[in-house]
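In structure tokens below, several structures.
Note that chain A is present in both complexes that follow, paired respectively with chain B and with chain C.
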Partner chain A sequence: MSTLYSKLRKPIIEGDKSLSQVTDDVAKTLETKPTKLWWFAFLLALTALVAGVVAVTYQIKMGIGTWGLNKTVGWAFDITNFVFWVGIGHAGTLISAILFLFRQRWRTSINRSAEAMTVFAVICAGLFPIIHMGRPWLFFWIAPYPNFRGPLWVNFRSPLLWDFFAISTYFTISLVFWYIGLIPDLATLRDRAKTKIKKAVYRVTSFGWNGSVRTWNRYETVYVLLAALATPLVLSVHSIVSMDFATSVIPGWHTTIFPPYFVAGAIFSGFAMVLTLMIIARKVLNYQEYITLDHIEKMCKVILATGGIVGLAYATEMFMAWYSVNEYERFVFINRALGPFAWAYWIMVSCNVIIPQLLWFKKLRRSIVFVFMMSIVINIGMWFERFVIIVTSIHRDFLPSSWAMYKPSIIEIATLLGSFGLFFSAFLLFARFVPFIAIGEVKGVLGYGRTNKSAPQIGHTPEPKLEAVEE
Partner chain B sequence: MEEKKQELYGLLAEFKTSEELIHASEKAYKAGYRNMDAYTPFPVEELPEAVGFKKPVLPLLVLIGAITGGVLGFMMQYYASVISYPLNIGGRPLNSWPSFIPITFEMTILFGAFTAVFGMFALNGLPKPYHPVFNVPRFKLASRDIFFLCIESEDEKFEIENTKKFLEDLKPREIFEVDP
Partner chain C sequence: MDAQLFLGVFTNENDVLNATRASKKAGYPIYDVYSPYAVHGLESAMGLKPSRLTYVCLLFGLAGLLLGVFVQFWIGSIDWPLNVGGKPFNSLPAYLPVIFEVTVLISGLGVVFSMLFRTKLFPGKKAWLPDIRVTNDHFVIALIQRDASFNTRAVQQLWQKYNLLEAKSLSEVVL
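Right, the complex of A and B next:
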């Protein structure tokens, strides 16, 4: 049966899929044995994770004196990694909440995996402040609860505490949002599960979902509400992270531009990570018809826009330093661009501002290899942005006699490596055990861009057969 | 409750496309059936209206939840900073409300979102370990590519013969009797 295409809109999903094909395509990854490539990637990630675990165990036993910090540079690698990972997470919420509110329906095929990425990135982020506490087993002291220490309350006027509330709320909401979206798909898996264990697991985790119109309607309402709640939340989270710096009196940190600057940077880096993961996943899991070149091009456009904001922020900081006529403020920025950490500054500028300008060319936006390399470049650049902001602002402070340099210790590098290991092992496990693409949502957009509205008539629809889900 | 009504949960009609299901639901609603439900593999627009589903109460609940969260969040900070453990820092006001805003905001979002999620679970009756429609073997395909309309025996107009005939006129692929 030939499909009539709309003249105005391109279908989001390529390849004339029928409803049952979507289910089969997505479920196939979960029902086949993992490939050698998957095992290789997983073992690599696991090795990095083990290195991280060893490093963290060592530094908890010995104390954070094992880091390269000194009296002048009291924040460096650890907080850099924290801000880096929180930033990565923002793209997932942007895709699942903000793009949803703007009715960008192409998001359906990437939102599941982007949300999973958010959850794992926030876990990685959360580890760093906890390790930084030095006595991580007492981390619950940061929660306000009646206690026998006075009762002594946490300091509600401290941005560090705001951060605790922001990150933990963000993590909870991201996890819940992700799981809610997962329930209908778990029901789909339940209905086609073959082994007893799988049947039991999916029966429990899908909560008895039956796809009734009433449940779907409430589900959609909840989705809109959560999106509307998560949108201001995601903007607040990185704003509050930036206040960790902005509310201090350190030149280079004490600026009002920080919240929007950090949020734009977070979305910028997050989309780069989404691209890195998606480009690999669509190839390895064979999802090219779901995550199409159009998806990649659209994400490149988001990167171009947010990268522009980031570039503007760099320029504004420089301008304000000059315009403020404040000796210390001016010095910090001259020191950033020309001082001992100039190499880091120029890596940041070239990776985040100069090289991404190539994305203005449509041909490059649609070149998989180029976009993949670009996403790696941006990831590196954004890590260095946080490093530059944190270390260059404090390593040469008001008093030249206390100036110092910072060099990360092997323990700190291993911890960073470990966080990447944790992130990728979690993501690889997710790709094996959870539907990588939101089946229910993709089914809803199958009719998009086609003149006949009801989806199952599209393409070569096979007769629905019960054998398809049974032996 | 009458004897007959306990025998069956309802009649389940299978349709191939979402459009057929919408038409069928509209006709059933016009014919006076109220206790019915439609089952689809993905959310279908227009269908809630077709089966006569009213707008959900959830948004109001979420608003209440969010406001509660905000108020509680602020009160917690006020109690700690002004009543339980007042700290005089250079004579600054104890109720320094601007610095309480971020946490108040986060608590608003947190409570709002929890109300949305648990409210949805409660209204949908999830987790639901048993539902009669699963007694029909072909219902497994409802999460795949088939659309079902179920007229329940609870309905006042439900009479097995008449309802079956009515459903047949809607031209479904098949009709199943659903055991309770």
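Right, the complex of A and C next:
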């Protein structure tokens, strides 16, 4: 049997799957009834979502005075959550677009779910600025359209407006990219559907796909183009989010390293969330042969690299505060590390810089339990990073008489909880109703690491040899 | 035009790749090849040219770029000049982020809709499948069988070398 495998590469998918086995394995999740565990998780997520809906309804009715904000701390929990969720989304695009351009073929078994995660995370993120507007029903005023108010236009010099364009473009392109990737898989499901309803649903959603190579040719072209468009897009989105802070004159925000620092942090936190979700999903949905230990180890390496950049950014900020000899800048950083919010700062540093160094050990990178706990730690750390950046920079401003502390109200905590509820209920529904693994893409990598570069055959058919190309 | 299709079903990527190359070399007109996933090399084996959608994407991108530039300059300098911190009304650097986002949005959506239009894919379309297994684990080569000069036996013999699973004629196809 050893001749089946290449000496240079290891197969990406374990278990010598044939093409139809891949279809069966992925479709099985959609064709069986949900387990008790799924129901438990879904009800839990739904409860959190309901708590969030109640809190949001209340704060919209009463106004955002229900939050813990004060005259000095004008941004806190809400914007922290916004930046946190946008960051989570970035890993999905990194996996689907950037790893695709780099020909990292192991991405195939995680890209579908990571992209779904992106779409849901961006939905969660988008809600926070809308809530923060106070009058969310006038949200559409941020779009530049001819109107009867002058016409009064938006201010194109404002980073907050850039943000609106960046987030909505990011959401649209991510959604389209995700759906385009889904079409061949929906066709696969259509052709094995048994019930009338399923047949009708898949017929509508699969757009009449029939696997024609002429179509595949164009499809692949568009896929590359979308990946090439999404790559600078994803970098621009968190850069623009960081400009919400960097273009202001607040010490601690007004720095030029913010865009790369935020992008690295976003990928760092996003991969942590991907790991959290994948480690649960591979176990619950029985995808251990698709999302293998190698996948987890590779993602840990990405975390280690981006975590290193984040650590470097923390150090650079500190250094620049000292080196700039700007007393306000210096004060903000000393206040961060030693002031009343020092606990948050040190949670951030330990969760994002110190603890992840353990990932240098291969044994730990390949330990599921350890990696799972690490991913939770990083998620917490990265949430605190945004909290530290936002709150500690403004709670002690230029006038000591207006210095204030910030404490979130129960409404704000319930809103954060609600966003997690929304995210997880959407993700759990996705896992039930949409192929969790990109069937068409995984089939393409089955031959990887095998001597004849083709998928394992079923039963009696002889294994064919690769023939030399005659031009 | 009414024509018959002659189909060969294969179960392996290498087989269908080699069989397609051999059919092309032998001069049989290839109508299409069907595969459950994107097999790299099949498009060149069939003799397909690279898709022109990249140019379509470029055009949409340029349109988006111009839209982003003109809308912002028109609004900011002509329709409602707004003094923001004494900066010039036509400050390009401040407009770049939105120009970039609009370019990406329009080129991305434009190329996707062009692809759907060109490949005639739309919601609810009834799929024409040469074989129901083609979206699962089988590959089909469809040759155009115009008249009696098309020697089905010769084709089958050619395909046999590549582990042909089955061959069949489809008559009621309108090309």
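Worth pointing out:
Everything that follows uses one rule, which is that the second predicted complex is superposed on the first by the 453 of 471 C-alpha atoms of A that agree within 3 Å, B and C clash if a C-alpha of one lies under 4 Å from a C-alpha of the other, contacts with A are read in each partner's own complex, and residues count from 1 in each chain.
Operating definition for what follows: a contact is a pair of C-beta atoms (placed from the backbone, for glycine too) under 8 Å apart; a residue touches a chain by one contact, two chains touch by 3 or more.
Computed from a prediction, not measured in an experiment: that's the story for all the values here.
Look at A:Asp191: by the touch rule set out above, it reaches both chain B and chain C.
Look at A:Glu220: by the touch rule set out above, it reaches both chain B and chain C. Look at A:Thr66: by the touch rule set out above, it reaches neither chain B nor chain C. Judged by the document's definition of touching, chain A residues 18-20, 23, 144, 150-153, 156-157, 159, 161-162, 165-166, 169, 172-173, 176-177, 180, 183-184, 187-188, 190-192, 204, 207-222, 225-226, 229-230, 232-233, 236, 240, 243, 440-441, 443-444, 453-455, 457, 461, 464, 466, 469-470 lie at the interface with chain B and also at the interface with chain C.
Contacts from chain C toward chain A in the complex involve residues 11-15, 18, 21, 25, 32-43, 46, 48, 50-51, 53-54, 57, 71-72, 75-76, 79-80, 82, 84, 87, 91, 94-95, 97-98, 100-102, 104-105, 107-109, 111-112, 115-116, 118-130, 132-137, 162-163.
Taken in their complex, chain A has these residues touching chain C: 18-20, 23, 144, 150-153, 155-157, 159, 161-162, 165-166, 169, 172-173, 176-177, 180, 183-184, 187-188, 190-192, 203-222, 225-226, 229-230, 232-233, 236, 240, 243, 440-441, 443-444, 447, 452-455, 457-458, 461-462, 464-467, 469-470. If you check the complex, the residues on chain B that touch chain A are 16-20, 37-44, 47-48, 51, 53, 56, 58-59, 62, 66, 76-77, 80-81, 84-85, 96, 99-100, 102-103, 105-107, 109-110, 112-114, 116-117, 119-121, 123-124, 126-131, 133-134, 137-146.
Within the complex, the chain A residues that touch chain B are 18-20, 23, 144, 150-154, 156-157, 159, 161-162, 165-166, 169, 172-173, 176-177, 180, 183-184, 187-188, 190-192, 204, 207-222, 225-226, 229-230, 232-233, 236, 240, 243, 440-441, 443-444, 453-457, 461, 464, 466, 468-470.
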